[in-house]
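Heads up, there are several structures right after this.
Below, chain A partners chain B and then partners chain C, in two separate complexes.
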Partner chain A sequence: MISLWHFLIVGAVLFGLGLVGFLTRRNMITLFLCAELMLQGVVLNFLAFGRMHGSLNGQVFGLFIITVAACEAGLALALFLMLYRRGRSLDSGLWQTIREQGVPPAIDTEPLPIETEEPHPVLPVTGMKPGVAPREREVTRA
Partner chain B sequence: MLDPSSPLGLSLIAASLPFFGAVLSAFLGCTRFGRFAHLPAIISFASASVMSAIVLAGVAEGHGSLAITADLGTWFSVDRLNVDFSFLLDPLSLLMLATVTFIATLIAIFSAGYMRGDSGFARYFSLMGLFVFAMCLLVMANNFFILLAGWEGVGLCSYLLVGYYYAKPSAAAAARKAFLVTRLGDVGLVIGIFLLWQAGGYHTRFDSLFEHIAKHPPASGTITAICLLLFCGAVGKSAQLPLYVWLPDAMEGPTPVSALIHAATMVTAGVFLLARCAPLFVMSPEAGLIVAIIGGSTAFLAAFLALAQNDLKRVLAYSTVSQLGFMFLALGSSGAISPRIAVVAAMFHLFTHAFFKALLFLGSGSVMHAMGNVIDMRKFGGLRKLMPWTHATFLIGSAALAGVPILSGFWSKDQILHSLLEAGESHAKYHTIYYGLFAVAALTAGLTAFYTFRAYFLTFWGEERIPHEAHGHAHESPRLMLVPLVVLAAGALLAGVIVDPLTHWFGHFLERSPSIEHAHAGYLAHSNMVETAHGFHWGVAGLSTLLALGGIGAAASLYRRGGPEKVPEGLKSLYALSLNKLYVDEAYDLAVVKPAEMLAATGRQFDAFLDAIARLLSYAPRFLAALLRPLHNGLVQFYALGMVLGLAVFITVVVFRSAR
Partner chain C sequence: MPPEFADPKLQLALALALGALGLYLLLPKPKRRSVAAGTFLLIAGLAVLGAFVAESFGNPVGQLVPDILFWLFSAGAVGFGTMLVTQRNPARGAISFAFVILSSCGLFLLLAAPFLMAATIIIYAGAIIVTFLFVLMLSHVKGPSNENDRAREPLLGSLAGMAFVGLILFVLLGAKPAEAATTSDDSETEFALPATLLTKADRSALREVHTSLGEALSGDDAKASHEKAQTAHDKLAEVIGGDGVTGKRKPVLERLAPLIGDPKRPTTHDPRLLAFTAQTLQLQKANDGVEDRYLLAAPGKADRAALQKLKDEVAVYSGNGQLPARNVSNLGLLLYSEHLLAVEMAGTLLLVATIGAVAIAGRRKGVPA
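The block that comes next holds the complex of A and B.
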């Protein structure tokens, strides 16, 4: 018989994995996946407790969280795309230039490689020759 | 709606024309036709002058009261304070309108030559138009609020024009002084207006206001207070003791502006105000006496100060103060004698003074133009061969100011002296004091002749000396500047004799003014005197002729050969007093400016102290922030770790609490 405890343990494991992944990885897409993992662990808790109490509140919450997570995914991926175009890398440590003034930068001993391959062609404005997207300004590693 | 061809309509159009001229001048100044900016001003003044002359010719004949009023809608209405755009055409306002626009036209023509090539050419003429418009508004008003609007407009324009050379610190200071000192009087004026409004049954229009006061006279203390408060405004605007100090400094502006301020638009406003309020002043002999005493002491003091000034324009400025004192002397005697005599004498002097003072100022402008902007009489002299036209017109103006018989100044000054003598001979309350004032006025007339001709001889007689600032090409002014001089000289010669002593037209016309009629009725009700015929008094005329010729003779004997200054032994100390302007500026500086500065300095120190406390408080959050600032290092994982640690602490606390 699967009891409430089983659900909670699976949820806690999901949350813990997500947490550890979030703290240790630095690829932004991985970070995002880990955050989703934590979210799903929480959703599992909601569902389990909802079932225990025999109410639909937990499930409604779960549905809401999934919806919000979907929106969040769209937004986050769009942001990553923009960041990637600027920095040619998914390293989250690349963006530590937004830190407070006067705080010394953290030194990255093994940075992720910066992709240098040609970007994909983009659609030109009507009536112009197709070309290559202008190379974005590269963000130097601090 | 008002018919534009009716007398009132026509004069309102005349009054508003300078405004449109000002707008057009300003507009031209923004385009590349800036050098034609004088045309709108001259044309609008001239057509306004012609229009008011037409109106004057239309209503000049006839008898009985002449007052045309019109309400052009409501300006504002608050509870019992209902103020309309109400205008009044009566002989008083019409004469002022005609004088102001006529003199302004000539000054504008002169300015076109004087200001040629100046960088602020358009600004000058646009301000001048605004100045004249404000004065016209002031004289055409039928309630105190429109009058006040014009009054303040005149003050503003005088500030802007005196400070015309705003890059020059002394001009900026003079403009500030003119504005602040006149403002001191304006405070009294505004209080007086509201007190009068309350005492006058909450009416605002002049006619109903004065009628109400005549029917329900308030307590004599109230009426005296109102009169003195109104006079307070006039003291500021018309440069009387103790607020006269701004006028001599006001010549920091271009010389034609001084002519405008002294002759037409600014300082006459106070005299006009008191003439307008004559019905109030006949009700309070005390107020009339105070007006006369202030006028008399101003006239004498300013004449004394003018004796030793080295600056030609400053001599003229003090002479204006002195002549305004004469006008107030006449106005002040209106309680003791019929206002038909007193107010008419004051207005007549205002009228003739406008001619010869504008002439003298424009003449000094012409001298200044030739001498490379030098106006110190010690630096030039003997100009009569070099500038024959300026010399001749200046001589006529000086003679008129000195009161040489036949010239315009003689008749008006004579009327004032005569009315003072009559006030002394009357059986009014304070008639003996008027005898004293008569003596002061006569003495002042002698001094006037002396200082005017001292300036004249120092400038035009003796050997020819030209300052090196003139760069060797000192010359007679261009014809454009000479024409106004000649016209004004003709006015100074003949205006007086034509309008009053021969025809008595001026007096009879002015008597039809409702203000003066009301005042006369009030005078008859308040004094049990029978009306005396006011004729020409040979004794007074002889005395004033004697004094004028004596003053001129003294000046001639001392300065006939031009400079340098010759002071008889024994008068050295008096001369030093006059030269240093009785140390009035220094005394004001010590009594008013220095304490104010000290107060300001103390306030500044206190403010700095409060600032220091506030700054100390603001350091507290900044200090806290400095502790926390290293946490913001821009690493996402670091923030996440912070959150996780926080979560861990939170969960630990929750678990341990629930376990307990």
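The block that comes next holds the complex of A and C.
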């Protein structure tokens, strides 16, 4: 029988994964999705405890978490759009100028790999050059 | 399996170390990123974690289908979650997040939360993911870029996350009761909600009612089922009260009467009391329904659905035992009685967030578009 503990473990692992992503990733959208991953883990915990006690209050809390997450998504997207307009990038490292005083800046030392993009295929030039049809030429001459 | 490997703490540590190393190798960075090795380590870590869970918390035998579904959905949620964290392309990350949502919705169904499952799929997979994909299209980058191909302190980050998971799992390991695998309904604990006024004796009586209703429903013998249902009906009437009932204890409705006055026209404004009264009256109605449609019905026309409904109501009411799967109406009752203020506040929050989003994202003069 699947018990409460199994669901608690899944919730904890989801929360931990979201934590890793939130700490390490730099794309703001990925950051946000990782925060949502953590919220999923929390909702799972609420539901599992509610199921264990035969009480529906856990589900009510889950509903409120979803509501808050939806609000958060709307506001975060608006903020991302504004930041993207200012910095032309979704990199959160771009905004480290607002860090705490006395903290050294994070500087990227290793160069990014240069992606050797394959050139687009080019068709060889064959056949006649498209021009005005012969009959139309005659008509214009006349 | 050698004994030193079967120690759960060692298993847990091994799983977490494999997970941290795999995450470190998989996180995007200019050098030392190895997808194959990272994936291999993560799968090994997941397998060790699964073995740890199965050994320490019981590998279920008996109910095959829920167990298979549980392992399937949880593996899906964790696997796609890892993909979301380590994926370089944020659009693919958003898609794998949608799969995380679908998997965890499966887990919600296993936890008897059908309404929450539907709401989560609609809101997350339907609305949030699509909006994110729109923003991603607006801000599309070509080739390697700082935000997608670099990670901030990948080793420290993955170690911190895994240490957190290890802490929680270690506490869970220490806190589990001796028979964690079998005790899912903790019968002797006192929990305040939703039935605040129930005494311990009430609860045990309700549990007996629940058990005999289950026996009445599962039995093949019509006469025995009828008797069981009759016992359950009488006992329940004794607990909650009704017309012409004389029991040893004071029934719940009698105890409620001085607190709220007439149930039809209550004198109190305490939402919890009102909700509890409403729930009690609903249970009484279901009990009457069983009397009319099952106990007093002609032998061929006995309505088992009424019996099932009463069983579900008793489970929710007593706050003990397993939550019935069809609990959407009870969720609505709870939401709009006990949590009415919170619902209103959530609505206000949504409104404020909408206005705020429009105000933030709107183009203004002076800001380069």
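We adopt the following convention: the second predicted complex is superposed on the first by the 104 of 142 C-alpha atoms of A that agree within 3 Å, B and C clash if a C-alpha of one lies under 4 Å from a C-alpha of the other, contacts with A are read in each partner's own complex, and residues count from 1 in each chain.
Note that a residue touches a chain if its C-beta (ideal position, glycine included) is under 8 Å from a C-beta of that chain, and two chains touch if they have at least 3 such contacts.
All of these numbers come straight from a predicted model, not from anything done at the bench.
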Give one word, clash or fit, describing how chain B and chain C relate on chain A after superposing.
fit
Based on the superposed arrangement, let me know which partner A:G93 touches: chain B (first), chain C (second), both, or neither?
both
Once the shared chain is lined up, is A:A106 touching chain B (first), chain C (second), both, or neither of them?
both
Pick one for A:L23: touches chain B only (first), chain C only (second), both, or neither.
both
After lining up the shared chain so the two structures overlap, which partner does A:L44 touch, if you call chain B first and chain C second: first, second, both or neither?
second
Output check: A:A78 vs chain B and chain C. Expected answer is one of first, second, both, neither. What do you get?
second
Greater chain A contact set [chain C / chain B]
C
In whole Å, what is the nearest CA distance you get between chain B and chain C after the fit?
6
Need the overlap of the two footprints on chain A, from chain B and from chain C, as residue ranges.
19, 23-24, 26, 92-93, 106
Interface with chain A, chain C side, in the complex: residues 23, 27, 29-31, 49, 53, 57-58, 60, 62-63, 66-67, 70, 74, 77-78, 81-82, 84-85, 87, 90, 93-94, 97, 100-101, 104, 107-108, 110-113, 115-116, 119-120, 123-124, 127-128, 131-132, 135-136, 138-139, 141, 143-154, 156-158, 160-162, 164-165, 168-169, 172, 176, 180-186, 189, 191, 193-194, 315-316, 318-323, 327, 330-331, 334-335, 339, 342, 346, 349-350, 352-354, 356-358, 360-361, 367-369
In the complex, the residues of chain A that touch chain C are 1-10, 12-21, 23-30, 32-34, 36-37, 40, 43-44, 47-48, 50-57, 59-60, 62-64, 66-75, 77-82, 84-86, 89-94, 106, 108, 110-115, 117
For chain A, which residues are in contact with chain B within the complex?
19, 22-24, 26, 31, 92-93, 95-100, 102-103, 105-106
The answer for chain B against chain A in the complex is residues 629-630, 632-638, 640-641, 644
